[in-house]
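Here chain A shows up in two complexes: once beside chain B, once beside chain C.
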Partner chain A sequence: MTFYAPFCLPFILGAALMFLIVAWKWGKWLWLLPHEDKMRILRGLPTRRTVAAIGEVVSESLLHRRIFRVNPLLGYMHMSLAFGWFLLILTGWIETVAHIGFRYVPLQGHVFFKYFATGLEHKPVFDFLMDLFLLFVLSGVALAWGKRFYSRAMGMHRTTKHVLGDRIALSALWFIFPARLLAESTTCALYGGGSFLTGSLGGWMAEHIGVMPLMTLESVAWWFYSSCLGLFFVALPFSRYMHIFTEIPLIFLRRYGVRSSEKESSYDRFQVEACSRCGICIDPCQLQSVLGINDVQSVYFLRDRRYGHLRLQVADNCLMCGRCVERCPVNIDLNTLRLNSRDRMRNVPDERRYGYFKGLDRSSGEGKVGYFAGCMTLLTPRTLTAMSTIFEAAGEEVWWADREGGVCCGRPLKLAGETDSARKMMKYNADLFRKHGITTLVTSCPICLKVFREDYDLPGVEVLHHSEYILRLIRAGRLTPERGTTRFTYHDPCELGRGSGIYDEPRAVIEAVGQLLEPASTRENALCCGSSVANTAISDGQQVQIARAVAGELEATGADVIVTACPLCKKAIGRGTKGEVRDLAEIVAGALK
Partner chain B sequence: MKKRIIVIGGGVAGMQTALRLAEQGVEPVIVEKEPELGGKLRGWHVLFPSFTPAEEVLTALRRRVNESGIEVLTSAEVVGLEPRSVRLADGRELHGDSVVVATGFTLFDASIKEEYGYGIYDNVLTSADLERMFNEGRVARADGTAPRRIAFLHCVGSRDEKVCQQHCSKVCCITGVKQAMEMKKLFPEADVFNFYMDIRMFGPGYEEMYREAQQKYNIHFVRGRISEAAPTIDGRVQIKAEDTLTGRPLRMSVDMLVLLIGMRANDDNARLAEGAGLNRASSGFMAPRDLFLGNVCSNVGGIFYAGAVTAPKSIGETLNEATAAADAAAKYAEA
Partner chain C sequence: MAAIHFGYTISKPRAIDLDRNNLRKSDEILREMPELQTCIGCGACTAICTAGNLTSFNFRKVHTLVRRGEYQGAYEEMNKCMLCGKCRLVCPRGINTRGVVMLIKRKLGDF
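Now for the complex of A and B:
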């Protein structure tokens, strides 16, 4: 039995090219990984992490569990295409083995088995299963067509605007399965076999079409099917469909502890090319929903970066609020990738700029608790005086870390991509903290908090946000605020909530002072205030527009006072409302007897 | 029968408009929301660049309004207008042959710039507070002592995108120079600093005054906005700024920080404009029909503008414009 026919040629060439390119890409990226990442992989291989990675590959690359959480119909669409196709391939392979046992069959033999197997006896179970899975995939293709026309049915208000290459690959993909249905049905029409789908359609064809036209049709259909496959495979490594294969090594590498950092590395390539451009990141983006900016979202950022035409205007235009990160079905570390793109494009440290560090340190004080207000807190002194009241009430001896000596925490510079300059500030502050021998570092600014926790090397120093610190004081009985009848609503700052996972502490503090009302978008889904230091591209007017939208949602709770736990959010939301906006510390200080 | 023209606002612009209308043989009626005429000028001490007492100008205007027998409605707030009528908050409706809007401006609320600590720390005051202190004859720190070092900060609520006030308020530069000189006269031993981004001396005699402030009064001008203010243990105010001419950050403690607050558009401009179909500039001020030949006209026939309702203006400019607006409104009514 030979497994070759001329129509196989497009498929064979396409598949060969695809495997070569994918292997070359992966090989290069792996080869270029930093040494420590390679060691991580080697050490991780023989552990349970590998098993966990396999599990994740099944649940994400095949079943698309995370997309089901966004919208069940959308999840089904992705699953039917990926898992359905996988089942077709797997069952097809088993079918081959069942027919001719374990012997070498070239790839096209498996893929076009129905064409070559006309002389063999029929196995109705396989016929049925293959038809069932084909129907499964076709239902996904139908939904994908439907999504083009009415994406809202799948919970998406906006979908990705695709580039030409993607459109070609997409069209090829859409034709693959109808073409397969047609090809297999014509073969069934001529030679019998098939089940409820190909068998029935084949039977109908046999009745209505003569043998000679049918034979021509069969040849054309298989050629078409093979050509669609070939075209799709050639386009795959260069289009969004590269994600099909790339997500798999990404899952493994991630499980082994490989991460992107503030400097670009070849691991980033796995992340960038694992993006399927599904566009789920577009809807949560407030730049899109409030300002109508629709070419900077993560999907477009990754696309531009992948094809090497990323502009600073796109890289800069992101609040880094993390709302899209929460939704990304591939769990791509979108913010870090954006950071290291900015680093590549902007990191030009100015050595002379930091001469003023010398002689800046005029710090004194003995407190074991250091309080780093943060630049934005220094610009919102109501919070500062409230903290002072709280420290006094709790009898805490405090060293005011950024009043006489401390400099900016460095995160705004880091977010702008000036990584090396940021490191200078971080080192200066870390040295200062060590010099004072503090054991606890409290900050009122979630932006500082995140950088202290993630980038500062502070062994023996516990870093706390003031919401955590105040809650501790209350629970330890060192602070006894009076619970009043005021109704508060709480705005989750991005850097505190999604950024540092602190959701419950501020809420517990508010409930110790009054009643808490939750806005419509809250916790992981909370909106960004719009004035994020991470975005240097939008204007003040645009920031205010976002602030108004956010304030509107907070006011809709009917609360008397909007509370937040970030000085930047407080200032930002204040620009969007005439109502009262307070920091957590202010309402606590106000409730102290 | 005499034509009747409604003048909304009884400040400098409104009074001058009404006086000119009366002079032209038209019957004006002034509608003022406060209990008395005078507008913002009531709180002012002396006027730049001549140090003329504000009271002198006010008294003269009020006396002439009185003598001309002009009808004045006080404590009457306008909630809507049309070319031939205005509606008041109490439900009354006034009718006339045209309307001049002379509703002026609103002072920027300095507490919005929380970083300067206005309303939070002692010894942080606004230029308007300082004028009131001059009038009361008691200029001192919160503890009653005399200030030895005073800082003025220009452009608070002007040219500041962060508070959505992009425009220049025009008069604060020269006001800062004037007040600095007054402080120096009161406290000759004190060091007086002006922190600015640009000093815009646009009027006659202003530049000379600026020079005099430096040469004769030894007032220091530092190019750089103050970034933040914080209280010190001894009740002073510590300010941080950057001297952008030397490129150095600087920090100093002062006994008094004066914020030169800007002029912003009235909140109810939006409502009035919407009701009458009037155009507003992006700054929120009313937009004249054009900036040259129709600068006292609105885009709606029969509605005219006088004074700071269209943009920040000095007293002198406002008086001129009021005359022009009155003439245009009278001509419209007669036609």
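Now for the complex of A and C:
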């Protein structure tokens, strides 16, 4: 039995080309990884992490469980295409073995088995299974068609706008399975076999079409099917479908502890090309939902970066609020990628910059507990006064790092992409903290908190957000605020919630002074105030527009006072409402006897 | 003669010759950030400036001079800015001041 016919050619060429290109890409990216990352991979290979990675590949690359969580119908669509196709390939392979034993069969022999197997006796079980899985995939294709016309059914208001390579691959993909159905059915019409799908369709054809036209149709159908496959394979590495293969190594690398950082590395390529452009990140973006900006979202950012036409304008226009990160089914580290793009486009190392930091020390007071207000808290003096009241009530000796002015924590500059200069600010502050021998560092700004925890080297110093610190004081009985009847609602600051995972402490503190009402979007889904320091592109008016939308949601809870735990959020939301906006520290200080 | 120090200084008077200055870069900057033209020179940005609090850096002065075509030293001065964002929150005209800092640095990097 020869497993070759001329129509196989497009498929063979396409598949060969695809494998070469994918292998070339993977090889290059792996080769270019920094040495430490290569060592991480080698060390991780023989451990349980490999097993865990395999499990994740099955659950994400095949079953797409995380998409199910976004929307079941969307999840089913992705799963039926990926898992269904996988089942077809697997069962097809078993079918070949069942027919002719463990013999070498070229790839096209497996793929076009129906065509070559006409002389063999029929195995109805396999006919049935193959038809079943084909139906499974076809249902996914039908949903994909439907999604183009009516995306809302899958919980998506907007779908991705695609590039040319994507359109070619997408069209080919849409036709692959209908073509397969037609090809297999004509073969069944001529030689019998098939089950409820191909068999029935074949039977119907045999009744209505003559043998000669059927023979022609069969040849045309198989050529068409093979060409669709070939075209899809050739377009795949250049289109979004590269994600099918890229997500797999990405999962392994991630399990071995490889991460993106503020400088670009070849690991980023795995992340960038693992984006399926599913567009799930578009809807949560407030730049889209409130401002109607729709070319900067993560999906477009990654697309532009991948094809090398990323503009600073697009890289800059993002709040880095992390709402999209929370939803991305591939778990791509979107904020870090955005950051290292900015770094590449803007970072200019300058040895002499910030020479004026030398010998600078405006700190005051003495104590093991240090308090860093940060620029934004200095601009909201009520928070500062409230903290001072709280420290006094708890009898805490405090070293004030920057009450008389000081150096910014460095995060705003870092987020703008000037990472090397930001390091200088970080080093200055870290040296200052060490010099004064503090063991606890309290800050009321989540922006500072995040950079202290993630980028500062502060051994022996515990870094606390004031929400955590106040809660400790209350629990230890050092602070006894009086619980009143005021109804509060709480806005989760991005840098505190999604950024640092602190959701419960501020809520517990609020519960200690009054009643807490949750807004519609809360915790991981909380909205961004719109004034994020990470965005230098939107205008003042646009910031206010977002603030109004956010404030509207908070007011809808019917609360008397909006509470937040970030000086910038407080300022920002205050611009969007006529109501009262307070920092957590203020309401606690106000409830002290 | 010992002058009384009131805690602030007054800039020396100077003449800017707009006919002699090359305004090409200034025009480019204003084209990319038209809102800068609405600056009323109130100085709020400078009053709260984190860097200005520690040095003689004067944000209003630098961006005003740049608009007049005086580019000398503007890049170095802007490099004192920490991009903390306070100025943006106090500007009564809602000017994207952090954007201004970055734009001026991008345009005048070679001066």
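Just so it is clear, the second predicted complex is superposed on the first by the 580 of 593 C-alpha atoms of A that agree within 3 Å, B and C clash if a C-alpha of one lies under 4 Å from a C-alpha of the other, contacts with A are read in each partner's own complex, and residues count from 1 in each chain.
Here is the rule we use: contacts are C-beta pairs under 8 Å (C-beta built on N, C-alpha and C of every residue); 3 or more make two chains touch, one makes a residue touch a chain.
This one's a predicted model, so the numbers in the text were calculated from it and none came from an experiment.
**Student:** Give one word, clash or fit, describing how chain B and chain C relate on chain A after superposing.
**Tutor:** With chain A aligned, chain B runs into chain C, so clash.
**Student:** Looking at the overlay, what does A:Met425 touch: chain B (first), chain C (second), both, or neither?
**Tutor:** second
**Student:** May I ask you to decide whether A:Arg403 touches chain B, chain C, both, or neither, giving the answer as first, second, both or neither?
**Tutor:** A:Arg403 contacts chain B only, not chain C.
**Student:** Could you tell me if A:Arg346 is touching chain B, chain C, both of them or neither one (first, second, both, neither)?
**Tutor:** A:Arg346 sits against chain C, while chain B stays out of touch.
**Student:** In the overlaid three-chain picture, which partner chain does A:Gly257 touch, first (chain B) or second (chain C), both, or neither?
**Tutor:** Neither partner.
**Student:** Going by the contact rule set out at the top, does A:Ser539 touch chain B (first), chain C (second), both, or neither?
**Tutor:** Touch status of A:Ser539: both partners.
**Student:** Let me test your reading of the model: by the given contact rule, A:Tyr356 touches which partner, first (chain B), second (chain C), both or neither?
**Tutor:** Both partners, chain B and chain C.
**Student:** Let me test your reading of the model: by the given contact rule, A:Gly484 touches which partner, first (chain B), second (chain C), both or neither?
**Tutor:** neither
**Student:** Would you check which partner chain A:Thr385 touches, where first means chain B only, second means chain C only, and both and neither mean what they say?
**Tutor:** Only chain B; A:Thr385 stays clear of chain C.
**Student:** Of chain B and chain C, which one touches more residues of chain A?
**Tutor:** Result: the larger residue contact count on chain A belongs to C.
**Student:** List the residues of chain A that touch chain B in one complex and chain C in the other.
**Tutor:** Correct list for chain A: 356, 378-379, 539-541, 571.
**Student:** Taking the touch rule as given, give the residues of chain A at its contact with chain C in the complex, in rising order.
**Tutor:** 346, 348, 350, 353-354, 356, 360, 362, 375-376, 378-379, 405-408, 410, 412-413, 416, 418, 421, 425, 531, 533, 536-541, 568, 571
**Student:** Within the complex, which stretch of chain B touches chain A?
**Tutor:** Touch list, chain B to chain A: 112, 114-115, 117, 120-121, 161-164, 227-230, 248-249.
**Student:** For chain C, which residues are in contact with chain A within the complex?
**Tutor:** Going by the criterion above, the answer is residues 35, 48, 50, 53-55, 79-80, 82-86, 88-91, 94-96, 98-99, 102, 106, 109.
**Student:** Inside the complex, what are the residues of chain A that reach chain B?
**Tutor:** 356, 378-382, 384-385, 403, 539-541, 544, 571, 574-575
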